[in-house]
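So that you can tell them apart, the chains are marked A, B, C, D, E and F in the order they are listed, and the count of residues begins at 1 in each.
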Amino acid sequence: MSERRLLVVGAHSADFVWRAAGTVAAHTAAGGRALVVALSYGERGESGELWKQEGQTEENVKRIRHEEATKAAAAVGAEFQAFDLGDYPLHATQESVDRLAELMRDVAPHVVLTHPERDPFNPDHPVAHAMVARARLLSSGAGVASGFRTAPPSEFLVFEPHQPELCGFTPSVYVDITPVFDRKADAMRCMAAQQYLREYYTQRADQRGNHARKVTGDPAIRQAEAFQRLLPNVVGAL
Amino acid sequence: MSERRLLVVGAHSADFVWRAAGTVAAHTAAGGRALVVALSYGERGESGELWKQEGQTEENVKRIRHEEATKAAAAVGAEFQAFDLGDYPLHATQESVDRLAELMRDVAPHVVLTHPERDPFNPDHPVAHAMVARARLLSSGAGVASGFRTAPPSEFLVFEPHQPELCGFTPSVYVDITPVFDRKADAMRCMAAQQYLREYYTQRADQRGNHARKVTGDPAIRQAEAFQRLLPNVVGAL
Amino acid sequence: MSERRLLVVGAHSADFVWRAAGTVAAHTAAGGRALVVALSYGERGESGELWKQEGQTEENVKRIRHEEATKAAAAVGAEFQAFDLGDYPLHATQESVDRLAELMRDVAPHVVLTHPERDPFNPDHPVAHAMVARARLLSSGAGVASGFRTAPPSEFLVFEPHQPELCGFTPSVYVDITPVFDRKADAMRCMAAQQYLREYYTQRADQRGNHARKVTGDPAIRQAEAFQRLLPNVVGAL
Amino acid sequence: MSERRLLVVGAHSADFVWRAAGTVAAHTAAGGRALVVALSYGERGESGELWKQEGQTEENVKRIRHEEATKAAAAVGAEFQAFDLGDYPLHATQESVDRLAELMRDVAPHVVLTHPERDPFNPDHPVAHAMVARARLLSSGAGVASGFRTAPPSEFLVFEPHQPELCGFTPSVYVDITPVFDRKADAMRCMAAQQYLREYYTQRADQRGNHARKVTGDPAIRQAEAFQRLLPNVVGAL
Amino acid sequence: MSERRLLVVGAHSADFVWRAAGTVAAHTAAGGRALVVALSYGERGESGELWKQEGQTEENVKRIRHEEATKAAAAVGAEFQAFDLGDYPLHATQESVDRLAELMRDVAPHVVLTHPERDPFNPDHPVAHAMVARARLLSSGAGVASGFRTAPPSEFLVFEPHQPELCGFTPSVYVDITPVFDRKADAMRCMAAQQYLREYYTQRADQRGNHARKVTGDPAIRQAEAFQRLLPNVVGAL
Amino acid sequence: MSERRLLVVGAHSADFVWRAAGTVAAHTAAGGRALVVALSYGERGESGELWKQEGQTEENVKRIRHEEATKAAAAVGAEFQAFDLGDYPLHATQESVDRLAELMRDVAPHVVLTHPERDPFNPDHPVAHAMVARARLLSSGAGVASGFRTAPPSEFLVFEPHQPELCGFTPSVYVDITPVFDRKADAMRCMAAQQYLREYYTQRADQRGNHARKVTGDPAIRQAEAFQRLLPNVVGAL
């Protein structure tokens, strides 16, 4: 049987780290392949620390962000690829949607993760969601034979946004990341320009771990990540 | 490792057949144990065919319904138990909720299935939902040590109602029942008093199978049943 | 063909006047029969003007409210019946639900109107809704032959509450009451104890008339009442 | 009085057949006029059977699809018109929205039917919805005199999508298509390239018929189609 | 401490008058500064009275609408600025969003008011909402240091649309405009081309005043305007 | 002017500490009066640590819980009162609702805080909500003169539940508790039997502080508590 493939698409190069790095690590630890795509580097809106350096340039910010994200992805066993479409604002052109759809046809992921559809605190996250949702449909067709190359439809989930209730995010699955949490911690350390987020997301992993313990009664769970499925999944038994 | 236990609670004795018998069969085929509880026999509201017989009595209707449900449960490998609380209307007394909670402490099910919270076409289904939801919480406590006997919290899902969109039912998991569909067909044949539902739910299984094929791209799926999870489930990987 | 029957159930004796009297008038003007049921007289919570009279008694308040409601109903061609179950709080006993269900079996209404399910400003309106919804289901059975007497299922709508958006009320049908608005005005004048509501609901009828004009483009509509259907209606063509 | 005009707009040329052909037939049988507009032929995404033929060309697929849709429309008494805007993806340009708005000003439909706003299984259906919703508003103005030619506002409904609960579709009206179901069957037979959908939508019509029977208690209803009104309708009585 | 700044953005030049002029007046009466931005003049869709004059031109309509809005703004102590982007349809180009974002960076408003996200009766209001929401995020950044000039994030509320329940509008704050209602009345009188709306919105202010009285029990409130907060507000105490 | 009165009602004696103690402290620090009512002691479901002591009795658990809650309330300047209605399950009798309503008539609170309406993890929280909502309406009447003693309607908010998204909780106001956080910390230390919650809710206060910083851009905010208003509040200006 072939390996299980996971595709994570973030609006900015660090998004996957805070929200899904544990799940990526669990996936690759189990022998799966993971690819992280960043639609932009977050070079304007989310690299404030870097811009405090005198003489900073956009090109240099992007270079640093590329290195950081590549290292963080490697820490959880994933490849990293950047589309470099620009941030604040990120624009969804048909060309970039097609590029993403073509990548999906090539990778044929079993699972796709991205931002939720809404985020009243970020102009780029909803654009990223729309691009991924659209590319996913264009790459998989209508579920019947089509006049173009398709990949099988993937499972489609969104990861946790910063203020979940205000983004319409309701978790439907908790991934237990206890066994791989140190790898997520490694990945978070790679994002030098946003170290203020490390404590926040370390606490968040603890809280989601607490939630997962309450749901299962299993005291062994310490850290978790929360996701919302956008489509039913199909199983052989409950 | 111990067997996986499934508890299905219906307002009336035939409810589990149409909506969950395939999933029960898949569960027992995989070595799990399944218990079906009927809160009432549906003796007044859902046994119209039986009441067409002259001289029919409530006691006799209940006896026939008990036999049918026991056979249907056996057809999918499950035990059947009746609470005989009366239908149209079914009443939720604290005593009957406690009885259900005590049963849950004894059985300690991994998964609980019942009706959705709302049903504008049936007075008893929402009552059954409320009883099960309440008994489930009373039997599992607050997720910490308690001053009373508890069972671990179970997964909690609702099965498909008759007119799903009008009951606020949004499927979040499709169970592929293709390999066991003949056993569901056997169970449906046991409900002699409601044979007009057999064709309806056979078609419905086909349609949910079609939906599950579209979601996965897997042409081997022919029949499915739809459920909605009310709580996140916890997994080790996506 | 037999006459079309409309049943309006309010928590308090005046509720039907402000929210549905125009629709009742349109119904009876077209040859239909209308019955208004008040579950209570609103004698404690909605008769403040009467309680300002020295030596006022509950019995006297009820008597006055009965007379007013009977006159208001007559003004729009309807009969009035009071259950006198008490207000603030109104309680839903099984006995009173059964009484309402029995009345529904006798009347066999084609259309039932009552309060919405939620009202954060009134303790009795949601109780009335629950009673009506339950009685309606108990009187009509599961849509198949039953072990008890049934009436055909009725259309089921809720009328407009005082602060609609906060009650989850979304209008799905506007009834043009322009031709019968003077009869609604007559009915409103009968409720001497709540004259401060006349201006409010006269303006409201104008505004709903404005909304109905915008929806249709028909300049002849001057006044309307808004309702929300809780169940699909069945038609022969759109 | 002038004839009643119905406009059905689908993203692809076959959409109207599965979801609304019965309602079109009922409309024309009652003396109304019906126009079907297809924004694309579904030539890439929904013509898989045709692409299995060696040497197939897009032009030929479109030609076949045009013929099929024209015949299917004729089977239910409607005209067919294609915008040929391309599918997978369908794009909503201002020019095509204007073209649709201009058509609406010319036809001045009483009722407009199209896809729901959301469809997580199809990239083109939501685009079609947005085009129709926008064109409808641009053609009817603000309900007051405007600086451009307008048509009266039409009733606006969406037809049933493939997986209704996942598209946010809640039926608010069932059209009884029992008397014209054979004409819908004829229309479905015209769509040779998608014969696998015939059984699915025949069963679906039966199930919606079952739902409409439960809602009304009328045993004469055998087949129905489900729609959701997006705006209140205005009536003279309930 | 610096003055408190309010920014109101309407799709058409008169929108602010009907829905927010009282709140603007209360704001400026308390010493705050208010700026009204109209994205278009509503010259095509909402100036029907003006177009009834023979020989009317778009340029003249715009000139009259500019004068009226300037006077109405002055009546409530506000400045008026027009973007003149065209109406029916209003288009959201990146250039105009950037212009609005730049204005927000300059003004640094504490509070921003605009239309709700949805309006099934108006093609331009949702476009205006999307522009304002996007410009607001682009002007304030991610709440951390950014590679571009930012203004602090503002409170963000939407004002009441014409048919609130159908626009998903749920009021979360009522502004008591009793002390300044005469100024709102003055502003409404300035909009000569839409005098038919004066009575409607005068009644609406009364009704919202009634709602605010019911919420607080304060009999001194006579008129109010309703708003919905889109984001939590932060307070030092409840 | 009279003092501002805050009433917090929890299902169990410790609920107010974790979710609202900071807001209580801010309220009393500003000169307001605060009363905490516990409907039960949580003696069975939330006192697991105490039950680990050999020979423990329910009476002794209640005594300890009463002392802890009284101290915790005192730490934030509030009085504590227990209804001792029993937990797991808490029952809402008419008598206890009347007792709560009578207390509300006596206290005449300006603000009432309690649990959200739904909580799929706790059987008692929704019961407490329903009791408070009902008592609040019964104590304040219909906003007009009534035939019984009333208090003015209070502001009504719910505090944050354990897993907010799954309880339908969407924050609409953040209270900045930075200046009084040490008092909340004191209160949390009083609850010796649930010390495992201290870290959880200390982190939660930090995260809500982070959210409040993002909403305002104010770096001085360190800790906050989140609430959802159930009714609009009335203000003199935005």
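A few comments on the model shown:
As a working rule, a contact is a pair of C-beta atoms (placed from the backbone, for glycine too) under 8 Å apart; a residue touches a chain by one contact, two chains touch by 3 or more.
Only a predicted model underlies this, so the values are computations on that prediction, with no experimental measurement involved.
Looking at chain A and chain E, the chains that touch each of them are D, F. Shared contact partners of chain A and chain D are B, E. In terms of C-beta pairs in contact, the better-connected of the chain pairs B-F and C-D is C-D. The rotation that brings the Cα trace of chain C onto that of chain F spans 120°, given to the nearest 5. Counting the residue numbers used at the interface between chain E and chain F, over half appear in both copies, so the two copies meet with largely the same residues.
Averaged C-alpha coordinates put the centre of chain B at 37 Å from the centre of chain C.
Shared contact sites, meaning residues of chain E that touch two or more other chains, fall at 121, 143, 166, 171, 211, 214, 231-232. Taken as a contact graph, the chains fit none of the simple arrangements: neither line, ring, star nor complete graph. Contacts between chains, counted with the stated touch criterion, involve the pairs A-B, A-D, A-E, A-F, B-C, B-D, B-F, C-D, C-E, C-F, D-E, E-F. Those residues of chain B that touch chain A in the complex are listed here as 6, 23, 26-27, 30, 32, 111, 113, 140, 143, 152-153, 155, 157, 171-176, 211-218, 221, 224, 226-227, 229, 231-238. Interface of chain A with chain D (complex): residues 94, 133-134, 137-138, 141-148, 156, 230-232.
Those residues of chain E that touch chain D in the complex are listed here as 43-49, 51-52, 58, 61, 88-89, 91, 120-123, 166, 196. The residues of chain D lying in touch with chain B in their complex are 121, 162-166, 169-171, 200, 203-204, 206-207, 210-211, 214.
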